[in-house]
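Written below as structure tokens is the structure these notes are about.
Note that the chains are named A, B, C and D in the order they appear, and that numbering of residues resets to 1 at the start of each chain.
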Amino acid sequence: MTDWLDRLTGDGLVANRLSETAQIADMLRVEATYARACGHAGKVPLDMAEAAAAAIDAVSIDRAVLAEAALRDGMPVPGLVMQIKAQVAASLHSAVHQGLTSQDVMDTALILALREILEDLEDRIQRLLTVLDTLEARFGDRPLMGRTRMQAALPVTAGHRIAGWRAPWDDHLARLDGMRPRLLKLQLGGPVGTRDSFDGFGDAIAGHMGSALGLEVPGKAWHTERSNLFELACWLAGVAGSLGKIGTDLALMAQQGVDEVGFASGGASSAMAHKSNPVRAELLVALSRDMAGHLAAQHLTLNHEQERSGASWTLEWLVLPRMLTGCGAALTAALDVLADIDQIGGSAL
Amino acid sequence: MTDWLDRLTGDGLVANRLSETAQIADMLRVEATYARACGHAGKVPLDMAEAAAAAIDAVSIDRAVLAEAALRDGMPVPGLVMQIKAQVAASLHSAVHQGLTSQDVMDTALILALREILEDLEDRIQRLLTVLDTLEARFGDRPLMGRTRMQAALPVTAGHRIAGWRAPWDDHLARLDGMRPRLLKLQLGGPVGTRDSFDGFGDAIAGHMGSALGLEVPGKAWHTERSNLFELACWLAGVAGSLGKIGTDLALMAQQGVDEVGFASGGASSAMAHKSNPVRAELLVALSRDMAGHLAAQHLTLNHEQERSGASWTLEWLVLPRMLTGCGAALTAALDVLADIDQIGGSAL
Amino acid sequence: MTDWLDRLTGDGLVANRLSETAQIADMLRVEATYARACGHAGKVPLDMAEAAAAAIDAVSIDRAVLAEAALRDGMPVPGLVMQIKAQVAASLHSAVHQGLTSQDVMDTALILALREILEDLEDRIQRLLTVLDTLEARFGDRPLMGRTRMQAALPVTAGHRIAGWRAPWDDHLARLDGMRPRLLKLQLGGPVGTRDSFDGFGDAIAGHMGSALGLEVPGKAWHTERSNLFELACWLAGVAGSLGKIGTDLALMAQQGVDEVGFASGGASSAMAHKSNPVRAELLVALSRDMAGHLAAQHLTLNHEQERSGASWTLEWLVLPRMLTGCGAALTAALDVLADIDQIGGSAL
Amino acid sequence: MTDWLDRLTGDGLVANRLSETAQIADMLRVEATYARACGHAGKVPLDMAEAAAAAIDAVSIDRAVLAEAALRDGMPVPGLVMQIKAQVAASLHSAVHQGLTSQDVMDTALILALREILEDLEDRIQRLLTVLDTLEARFGDRPLMGRTRMQAALPVTAGHRIAGWRAPWDDHLARLDGMRPRLLKLQLGGPVGTRDSFDGFGDAIAGHMGSALGLEVPGKAWHTERSNLFELACWLAGVAGSLGKIGTDLALMAQQGVDEVGFASGGASSAMAHKSNPVRAELLVALSRDMAGHLAAQHLTLNHEQERSGASWTLEWLVLPRMLTGCGAALTAALDVLADIDQIGGSAL
């Protein structure tokens, strides 16, 4: 995350939360939580479960070895489990991963990351609302030419346009609230999603894991039911889309001849010293458009053949992180560009 | 809707509800409702309002003339209002459209159509659940090879796979319930969305219109806040995506050598008399993939510059009807293909 | 094609060439050409072939019956052949369709339509170039503010911006030339694409059909090799994209305060008599963005499983016609809006 | 490039060629080449030009400082030029970047990278053809059930299916040949693309730069004419799409009950020791579908407003590298999975 393009268009916080380091930590947490839950549910003796969980907590993962195994297996869990077992006493192995499938581990780990990322994104939205309120307070009553279909229509106030930027967020936040219980749920199904691999303790283990991890406990696995992740993708795209509208408006308002917005700072040109480019506004447009493509790809992951689709699952791994970082980057760019405004309205038209 | 391709891939019911005939009727209803509301709110005398509304109800629209005007204006409302005014006594004109903007009329008319279409689609989903229950009752305990990553994994039951098809629908229905109040709302803003064009009666008129039409009454216009229509597009795409998974599974199950499903009927080949093609299953896959592209385009409509975007609004008119008919077609195809199943499971593997 | 939305956003010429009526005529032409070619190649006696072809030429298709059959079979060819055979003497049936597969008929019929449509689109591009030349001649030396990143940069001329609109077309035309031989080719493969169903006369029949229809004769079937249609989709999207840039520029230039372009006419507003909306410019933007989604969907059709994919083929039928009409509509809108310009440049900035 | 997901789904070679390190080297090469060309063309004295070029060649860039500046300016060139000028004697500054615009530097640098990447990708395609030839030689005459619409149709040979995988590549290579001269061209336009900033030496400088860099020399800048990059995106997506078809076929052939292909190795399951997952085949499907979304986003970059679009240009930076690495990853995965095949055909059906 040090390249100029990452600095400009990425999101360090979100990317860190989705990094391999964080993912390994989450997967180990899931494995350890599973071990403990097996003990509490009665699948294995409680002391063995605790010992296994403690040993898993202490495991150190060689990432190069992990990557090598993932290249062969198409995902990291078999290699992860191999490394875990090599570091946990063989006498505890019946409390290690036994009954789980890779997807239980990776999906639950993902949900742990998503929960924190969504809290972070929600915080940024709250800050965005504060910045919009400040703009309204400072500039709300300034005159502005209302423009429809790119044409001067009737005079409005700056506050009317700011209200347009403010409009979607109550609904976006309501969607987020509605989505969370559908999204933030444990994955536990075993090899083919039936919970048959847990010696009859599957539901009890799920209950214990859900409590320990603070996740919803669905009655069955959602290995192939990815409408929750698609709903998340839609939410992320919607947020970025609403920010794209702000970016478009700002770029239009910053035009010479329109002159409806002023920024304290702006991007330099390598050729024209007089220019001050509305870089963050344009970035909002770019990030919003990028989402359109990602969303199409994420939609394709709904088609999860039979009891698990390697193709659709792999596609998710590619697309969802881009959408999460893109949404985060857009929120940060919006906060930056809106905070940089030192004038709105006052148009002579 | 008589071409073979429309018959195969379209949805007559949804298409009819979105037809020009229906749209004109909806727009006239909005105009008449507005006239009445102006009377109830006190903007114009009540009897004038009623007379105007009655006259609007009786208007007959020349569609060729309407299309000609729309070609010039980029939308049908100015031409519609011109035809209305030509058929309503000039003495009543101050109760006709005055204060409204085209988008108030078209958007509200769209919402009236969407409300009915969503009821229809929800009915089909309920029927789908019934069909799935029947399949579960008939075939649920038959043996089936569970397959993950396209490979035989462990034996499951037919019921387990059917449960996978059943899995998304409670959440899809919950999403629909959550979405309705955000979506099914009156549009009323006037030329630039400020409600300044209603002589101070804007909110009162909105209230009366909302009651008359049975729509939510938002505190302000949503001319440029299209996250509700985007949310609808996401819901439609999600529904079609979940059906695409069923289609993919059925096509895979119908393969010779796998032989996990049988159909009472199937599509003929022009070259091979022995073939019975799983046409509806393939159609579900095609319709689902088609949604990915539509959704990308619909996302772009969120970027609604300033107080109204002609480009984004036009794009909506192109994309959303395709998504509505595509989702309807997919639900019908799913009902057909699932009802046609006469065997699931029993795989020898 | 009489609805206002079709009039505004569609293309009557292209749509007619893709209509069911035209498609049936093309499919009958392919069937008759095949019959004749079987005679010339020696698969059936020449007089029988000629008689069969003449009989096919005289066939009248009941479209309602065709649609009913297509609904069952997932495509129209089996039903078409059934109607043909019912109207052609049984003694000639061995020269009717025997050896062909549905895809041979539908794909070749499509290519016949595409050839004409591409000629039509190329004509429009040539007219576009003429219109651009005229604009250059009339307004090329007028001053204009060059704008980069939406900001005033350095003065240029109107001619420089017009040159920007002119820039892509030589390459688009070169791409069209390069694409034609890859695209405009006969489809002939038989049931599974091997040409084994033609009694050893497959290549000879292909040669005769190619000559008769004026199409390239590939050495084998391209049932599942759809990169030619994808290349076409890319070309159509590219054309619409280049027109979208013109639309965006015109909408920006038409802004009050920028005032870099004037139109002889414009779209009316239902609420604001003073407005003249750049409807065609916005339409170019909408049609261009719509292409992004279509192109994503068309890309998915490349994935044509095994010897024929019903899902991918069906998806093609949905997507490609929209792209062809969308591209045609965009070219016409561009011609209209550019011809309507009565002033460029002269900006006071 | 060490994370497991990068190892599995990325392409180290392509990613390296697009890395910040390589981009900086390419941009410095462009700057130095420009300095020399200014000398050869007569814009500055030849010895000054050579001295400036040599000094630029020796410049060392602080990447952290570069990223900081890019964050402000929205791109790296102004910050790069600042670092260059700080390390080159002030007496030579009139030969450093003067007359250029950022886009001249970044676009030409991109083209230098694309040229090498395309050579690399073409090499892989050639190797793919060799692998396919080998498969044909080893297994071509084995019996295989031809399958259309996912249904057993008629017996074919393994060679027929392999021929289907082989089919698109001659055309893809022809497209690549046709595209290269349109794509691999110098960018030189100055601030607003007019070549007015080169004191009358613009065309001469362009000629010298083209010779030095081995690039086509277009008569004018293509700052806003991005159909060449879109054509590249289409080509990359087409290649990945054709590989996706191979992946789909292999995954279908590897199903138990179908058993038409065998692999020497396969991916392990964390839960089922008996499984051997067709990881690379699924990866081909995932990478192909991912392209659909990218292509939609890349299409949007065609809409390059006025004399430079910050939004569209930024979007390009995001999308094109993903498409290049995705295409590279797909080619490598295809080579791997095809080379791993140890049996095709012989199906008992």
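Here is the rule we use: a contact is a pair of C-beta atoms (placed from the backbone, for glycine too) under 8 Å apart; a residue touches a chain by one contact, two chains touch by 3 or more.
As the structure is a computational prediction, the values presented were derived from the model and not from experiment.
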Result of counting contacting C-beta pairs for A-C and A-D, higher pair: A-D
Chain whose mean Cα position lies farthest from chain D: B
Inter-centroid spacing, chain D versus chain A (mean Cα positions, whole Å): 28
Inter-centroid spacing, chain C versus chain A (mean Cα positions, whole Å): 40
Contacts with 2+ other chains: residues of chain A: 74, 147-150, 153-154, 191, 251-252, 267, 269, 272, 277-279, 282, 285, 289, 292-293, 295-297, 300, 309-310
Category of the chain touch graph - line, ring, star, complete, other: complete
Chain A to chain D touching residues, read off their complex: 2-5, 7-9, 19-20, 63-64, 66-68, 70-78, 81, 97, 99-102, 105, 190-191, 197, 247, 251, 265, 267-272, 277-280, 282-283, 285-286, 289-290, 292-298, 300, 309-312, 314-315, 317-319
Partner chain B, residues of chain A touching it in the complex: 74, 146-150, 153-154, 156, 160-161, 163-164, 167-168, 171-172, 174-175, 178, 182, 191-194, 196, 220, 222, 224-225, 227-228, 230-231, 234, 237-238, 241-242, 244-245, 248-249, 252, 285, 288-289, 291-293, 295-297, 299-300, 302-310
Parts of chain D lying in touch with chain B, wherever the complex brings them together: 145, 147-154, 251-252, 254-259, 267, 269, 272, 275-279, 281-282, 292-293, 296, 300, 347, 349
